[in-house]
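Per-chain residue numbering starts at 1, and chain names A, B, C and D are given in the order in which the chains are listed.
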């Protein structure tokens, strides 16, 4: 019997992980989603190296937010667990984190180029380019590598929670995209969008990219976010 | 009980919306199709932000053609509703409108390049390039943004219904493709074709595009459209 | 009751047509396969504009090889029927013909570049580049356009049946690929291969293509074709 | 009744072959996996030219490691059998071999460029670029062509088993990727990864590739391989 987190959180994290392959973001077992329960001081994450088609709620691992120890679970958590934890600790508004190796977002990470804002598809979700970190130093690689992978993202955003809400994702240099959101589902959807806008940007760059006017981008971000948002329907319906 | 539009129109609009993800044109809930009943003075459109796999006929929203108010439905209509409405008002022959963020068509929109006519695949449906609008001005973004998004398309085509029938689609700069047709199904199929020819054009440009002879293009458009068309079979069979 | 061709030929032609969308070669209803019965002097072909998911054996159309008239069927045959007929008449060894608008092969056709031989994947099936025709003249477009579309392929190959067997496909300029083979199934598989090698060639050109040594290509073509072929197993097993 | 190899090896080799089309690596029947039983002195391989959807355990062919003769099976083995055999003979640690014509890996092979190490996706599996062989000479093509195809790989790696474990794949010039691993499953997964990193590399090169720091690559290879590896979970769980 599992008790450390609610059945609902487990189910949401499982479902978000299973959407990784369905959305075409996964090769083999690459990619993981977590969701946090800040009151309980824990987050739930995919186990390391387990195939999506055999993954069950019982396989998920519950990890302590304060020290990264396994609180519940019979498997080792994702190798990226410490990266997730460092993002949760730095940004109070983050409720879920997703990491994938989706092909087009990785290409930008490998070229160490931010994903530029080229249109409304991007501006609907990211209020600015998806930025790319510096490469980790030999010291950052030698000790606490995965935690430091989160830290270069935190440094990139200036540990600014507002910015993390407005640009819910970043590329780690020569590695790939990490995205986050209010919950596990939102973080996964931001991963899907990150890959979609990366693909569009790659094709646009091939055709010759043109900078869009800022007032258009502002309009799109505002219509989906903030006090005057008017996109979508209440999730209860 | 719904009465504002026929069961057939609702079914057609639902089916056309469901073909968006099946045709690979959708990321998440992006993309929407509407169909009009001009005698009743209304059109039926997808609700905003609802996932395709839970979308039902009852969720569709019936909107007034004259003022954009919701005539029937328990959900908010697509944020793009006013764009659809402005196209219906400008072009009497339009019976259905589709909007997607399909990757290759968006790339042309983001590069602010029309999709050029490079072969018969294009000429079978579009009698000329798929044109791209000017970017909306700050004023057009500030008030009535979605309606104005339709208006820049209307301006681009010179409010010419014949041209709208011969080139049933356009790219909004830094946004994406809008297509239309005699009914919802036709508008959706033009969205599929717009994405297909955009992908082919992207690859052709990479290989070095060569302008095709006009007499070949004319031949193809004519064999599918107009008095001497000889493509296809009667839909009743 | 249908009697003009055998049940087996109808079944093969239907099955080959249904493989077009399954192999990812089709957008909407684009693409058609035919198979010939030379003793009966007829060929069986897809009807024009019918969706693959409702296509049945009864919908196929039987056409006279000598004059192109419909011998059997309640639907209009594919608009490309005359192109198929002209290829059957020119090349005695051809038993089946396929036409698609697959994206990468069309890109080469639109750029009016042959698909170059860059490796063994290509050389296993095509003993040389997949050639591209001249654009049709105004005269060729004005009268008998579809038949002339076949004729520019026939001219390209010098009406040489041996060459047609060694290079079972060609690109019509600004249009797309036509492939053929000993039967309908072989022509469809050549269409699949034509698209696969076009995609590989596009990527290779982006990376900088290098000409392969002729002795390697000869080896591959020879191991699948001709008296010393040793690829595959008897189809009866 | 089959007795030359265990039921488990047959099942694993069948399953690995069936994953080729599911992973999107196959066109038609292209691609094959084998697995070896070194104590029995034989390996099990896909028959030549048989479609994946009708392939059964009984169709697999058991081949002698020492002389390449068929030990068991009613079909002719894959034409690439001798290439597999030469890899087994040269590298004692290899337990499975996979060959595909996946599009992006083939593009690098056709451009005769190694797949460069551009990030952690690559470094997790390949400790260095995926190298490309010299083109086979006329002599190597004339006699024992398939065995020589393996030999150019063996030569490329300096017949070094440690290197074969650290870089479990290579591209044969103008042909395509061969990958290997501790068993058939591992070799197939290396084929999947080889194609994934080739696609990412192609996109990265289009954006302008940047060399990653060696300490980052070392970190990633080490965390999945060798004495201090900490990725994954025991397969028994």
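In this section, a contact is a pair of C-beta atoms (placed from the backbone, for glycine too) under 8 Å apart; a residue touches a chain by one contact, two chains touch by 3 or more.
Chain labels with UniProt names: A, B, C, D = L-ribulose-5-phosphate 4-epimerase.
Predicted model, so just to flag it, every value in this text is computed and none were measured.
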Check your understanding: Quick one: which chains contact chain A and chain D both?
Key -> none
Study note, to complete from the structure: Note, CA centroid farthest from chain A's centroid sits on chain C
Exercise for review: Write the angle of the rotation needed to overlay chain A on chain B, where the fit uses Cα atoms and the result is rounded to the nearest 5°.
Suggested key: 90
**Study point:** chain D against chain C, contact positions shared by both copies (same if over half, else different)
**Key:** different
Practice item. Please compute the C-alpha centroid of chain B, do the same for chain C, then give the distance between them in whole Å. Key: 33
Review point. Can you give the whole-Å distance between the Cα centres of chain B and chain D?
Key: 46
Study note, to complete from the structure: Flagged in chain D as touching 2+ other chains are 206
Point to revise | Residue numbers on chain D that touch chain C, as the complex places them | key: 27-28, 30, 47-50, 74-76, 79, 101, 103-104, 106-113, 135-138, 141-142, 145, 173-176, 202, 205-206
**Study point:** Complex contacts: residues of chain C adjacent to chain D
**Key:** 118-121, 189, 192-193, 196, 199-201, 203-204, 206-210, 212-213, 215-216, 218-219, 223, 230-233, 237
